[in-house]
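Could you have a look at this structure, given as structure tokens, before my questions?
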């Protein structure tokens, strides 16, 4: 508890700084790029709760993200729900899916679990494609509400996403430092030993899949208002699966800082590459960085930092 | 028999076509030092896997402290007080030695949020305090065994099942572990010892049950066991 | 809309498609099923095979399948090299699972992008005498475009089956993931065995790619359509059972074909994956696991 | 094997162990579990590399150092091991297991003869050639493990704990089979075993190993049987 | 320990943001007129995005050779949108706020135009849309103009010629099968087709969709054949266009009229490899090397230049589909800038709305929702194709224009089976 309050304080300060930044309108592009990077901070952090802490690799990130986004689309279309409702609802629906895959862990471990989540993503995408109400395969245009704070909707979304990122990171940090996080680490190291030491492994796994699903859904919920056009291919893009995995790997998976570093670094690189290199080389960089990191720095940047510090 | 702390009745376990345990019954009294021996592959480890909840049983009942625990998941049994150590140490490799103890302390022992002091106390008692901040990968064999025991102790057991805690250790180290186990027993913890090192089992146990090929073949005090022809046959062969 | 004639046609088309799926999945059946290496980049190697067939076909008019066979040694070497890197970077350090997966994810990306840098993103096709021709047998139409890949796929399955069951290397490959130390006691070097197996798996991708481009146009990102199918077939077939792979591939092919004929094709893929999910939840060992 | 020290990581299991096995002998390595029998066997097979001492093979005056060789190379010299716990390939059939036994190049030519010999020596295996090894009973598995080792046409057969997990009646059958095979194939046998009475039935001589040290060397079976130390070592009396 | 870690994180993040800001080129108050856009250079639509980019580059070179616009050279600033709509908002904000472009055009395709609309509306930009279907129906934004000649009723534009031609035949075909991929464009085309079926009083006997990753199309084609339709309307993307056509030949599907909205058949690589299999297919198109189009001033020069540069750019070697329109799109914008003598977005938009432009695709006049005032989606039929040489496709006669009448260059061979002989 002694450490939670200062962390909360830091979080509030970050959000306030974001709001200040939003009112200043330094350079609108930064909000757009920043939104995407922050969205990846949420995604990477959420993935890491299950994948990094608990050791269960989820390939189905796009399914959760898209579920958040499409829940929002549905609510916008049906009842014109306000953004906070979208975020909470998107999170809850995705959390339900998370709970579902949590029960898969009863029988499936390792690669089998990952493949099952991949299959899940395909099934869900097909459902959305065939659901005309949310646009089906044609996609759907979403019109933003008028009169947002800060005069520009994306600037507003940026601050919202900043808030969500802070919440996600605080949640991840809280889990990491609570008995839950330690229990997850124990079951990642050795599930049998953890169970025998009194760790309620099933309950922890269900908790992790649910909260991870919730945060992934939360990351997807504002997406319709950001792009204003949602279609299955981009909502279920493989990029989310790759980045959700790659960012924590690059940063380091055992601590909440890792996904944040990874998301900021890789996310920024991608944003920069998009507007500078403008070709396939852009994607090539992501691939090469990924391979280089897993081969040369298996513990991620945090591991590198630790190693360097250890040496000094 | 109802005064037993742990009672196993008619326990049967199959692996495919292989009958690993056949109608095994044992009863362990509170505070007892209980030995479980048998040649390699006789089913000792399978038996304790069933008792600790790592394996589901195919038949029979397990009662602990007057309560039927046959269907309970392993972590619930641990919380009730049945704690085991593993034959091949299974430490939590990403955590320090101290944090390894934290897991059972906050999950099994009563009262969450135990601080490092409890863990440190256990480590001191077992002689691992100096290594508290190392990762398990940096431990020697004996230290690894001690960690395994220390972690089990941190779960505050009523019944400690020590599965071959001494395999591969030197004479002096075996004595070291024995001393620890005696001390725990003196504190009121019931102990089941599974061991190949006869010298240790014979010295430690008040009562011994012998398994052979998944069946219970003998029970008695160490003296009785040594003189039992069936046991000699099981060990020395015909 | 139902008719026995349609049913017969749908089943035959499904079986033919299944034969092709088997060809595509054999490599991963070997690498993932038998070696336990989650080589998620396998479909990218298949696409590489397709481009090899395309290049030889458009430049010299070579038959795609012959090209596929001719290129197997090259792919074998490529596979052996990739495995050695994988072994040196992950397996030897005992940290293969998660990071290995990410490694192959990266390889997938790199190969896909390299192909589109080299060949662009236009759909590529090949020409061969049997494309677009078909014959009819007792009211059931058979297209050569699917018959040929199916025959080749079944032949590949048979060849792999014989290789695994009848040769020393083959048997060692089947044993290597079960007990490496025991394999050493038989006098075989597990790393060498795995290198061979990985090489063979990638070599199979060369031929599978040739079949793929015979059936349908290819762009570098076509590989993504196959990731799910390949792993689904391998898991459904029971991890490393070569016969099981063929049967699972045919089941998947027939389901897709029946769905497309009778219930509306848009659900066919989802049904296949639904079956995979159900299989995983009920019987993770797959349908034909030993 | 001379003055061998060996162990795993920081733990030293063997302390200055020296043993020798002469051509045509059956030597028993006795002791209860955890005393280093298996480690010693693993040292010979190159599965554990000794920290000190030497392990060598001497035939017709040529001497081959085994300490720096890989397991595969040692197998190819004609040494076969029936490992502890049998280590069969459970998802392969009986016949596939046997054929894998003949992997070493020198044995491939004799594969038909050896297979026929195996089926003749263990008729139960012939009937179950297509069955998966993992689905057989313990006794059958042990038979298969022995047969598999013989498929490599070894000159020297190492057997590690053949009695583990077997009912007494099966143990004596396996042990008897080993003797029979040894005579028919003119093998040299080194057998690590805790079942004292069974092992001494077929051994020409033996060593007792306690806590990683050779405590007693019996130059004949009789000498071993009559020694009172045995009981002490075994039952801790 | 933890504080230090957090500190590292914050430092890193700050560094990165600063680096980002530093790397972003600072806009110089310079001479050139900057035209900005995102374009699909990778991903699903890049096969069209890249040729479109080449066409725009040719226009830029042409303009600059003549001294630029308003006496200032034209400079292109473009980024790869990866065919991913979620990159679009970021790209255009970058273009507008960091690169300070003066003019924007959209990327290629409906999905990539949609995310641009709110930005354009917010900043009151004039937007030229490149091949978007009905993008503006929801927004009704007056300063949006779209170059695909879909006309005032975009949804039915793909199919109208097809059904019109069918209706003119004698005896009039009665039954229709429609099928398409689960993707944006084919689904829109199907919606239009359904409306037209109603309008022409036809009977639907088959109406299904399939996932784009389908491998085997013969079961679908066989199911269609079982319903024995007079008309088969297919709305598909390149791989499934090829798959459907091959399957139709293998199964022997021979309705009276076959084709419709099959994207990809007009791509040169597809045409050369499909060869005579194309014969008889009636398909939508936008451009064909037939006399009515070749007669338009400027087109021959453009195609010569395009074909000369195509190989190096790694794009479609003939460029008969999208490139002329991409060029026309920037032509319109350029002419409007010249006419209004400035870069005032509103003035440019007003001018475009009011004027008829002469472009290399003919006269262009915009109407409702920024679409062409009058639709001009062609129906062509592939005829007399033999072998796989590319040269036969260069000139007239192989892709005969049947609809609309003012561009007609030949007659429909009817029924489909007759064209196969």
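A few points about this structure:
Order of writing sets the labels: A, B, C, D and E. Residues in every chain begin at 1.
The rule we apply is simple: contacts are C-beta pairs under 8 Å (C-beta built on N, C-alpha and C of every residue); 3 or more make two chains touch, one makes a residue touch a chain.
On a predicted model such as this, the values are computed, not experimentally measured, just so you know.
Listed by label, the chains that touch subunit B and also subunit E are A. With centres defined by CA atoms alone, the chain at the far end from subunit C is B.
Centre-to-centre, using mean CA coordinates, subunit A is 56 Å away from subunit D. Subunit C has its Cα centroid 32 Å from the Cα centroid of subunit A.
Put simply, the C-alpha centre of subunit C and that of subunit E have 35 angstrom between them.
Chain contacts: subunit E has residues 42, 44, 182, 209, 211 touching two or more partner chains. Screening every pair of chains for touch gives A-B, A-C, A-E, B-D, C-D, C-E.
Taken together, the subunit C residues at the contact with subunit A in this complex read 32, 36, 38, 85, 89-90, 93, 95, 97-103, 105-110, 112-114, 116-117, 224, 227-228, 231-232, 235, 266-267, 269-270, 273-274, 276-277, 280-281, 284. Across the interface of their complex, subunit C is touched by residues 55, 57, 104, 107-108, 110-112, 114-116, 118-120, 122-123, 126-127, 129-130, 238, 242, 245-246, 249, 279-281, 283-284, 286-288, 290-291, 294-295, 298 of subunit A. Residue ranges on subunit E touching subunit C, taken from their complex, read 42-44, 46-47, 50, 182, 208-211, 213-216, 218-220, 222-223, 226-227, 238-239, 242-243, 246-247, 249-252, 264, 267, 269-270, 273-274, 277, 314-316, 388.
Residues of subunit C that touch subunit E in their complex: 1, 3, 5-6, 9-10, 13-14, 16-17, 20-21, 116, 120-127, 131-134, 141, 143-146, 215-217, 219, 221-222, 225, 253, 256-258, 260-262, 264-266, 268-269.
Of all the residues in subunit A, the ones that touch subunit B in their complex are 179, 182-183, 185-186, 188-190, 192-202, 254.
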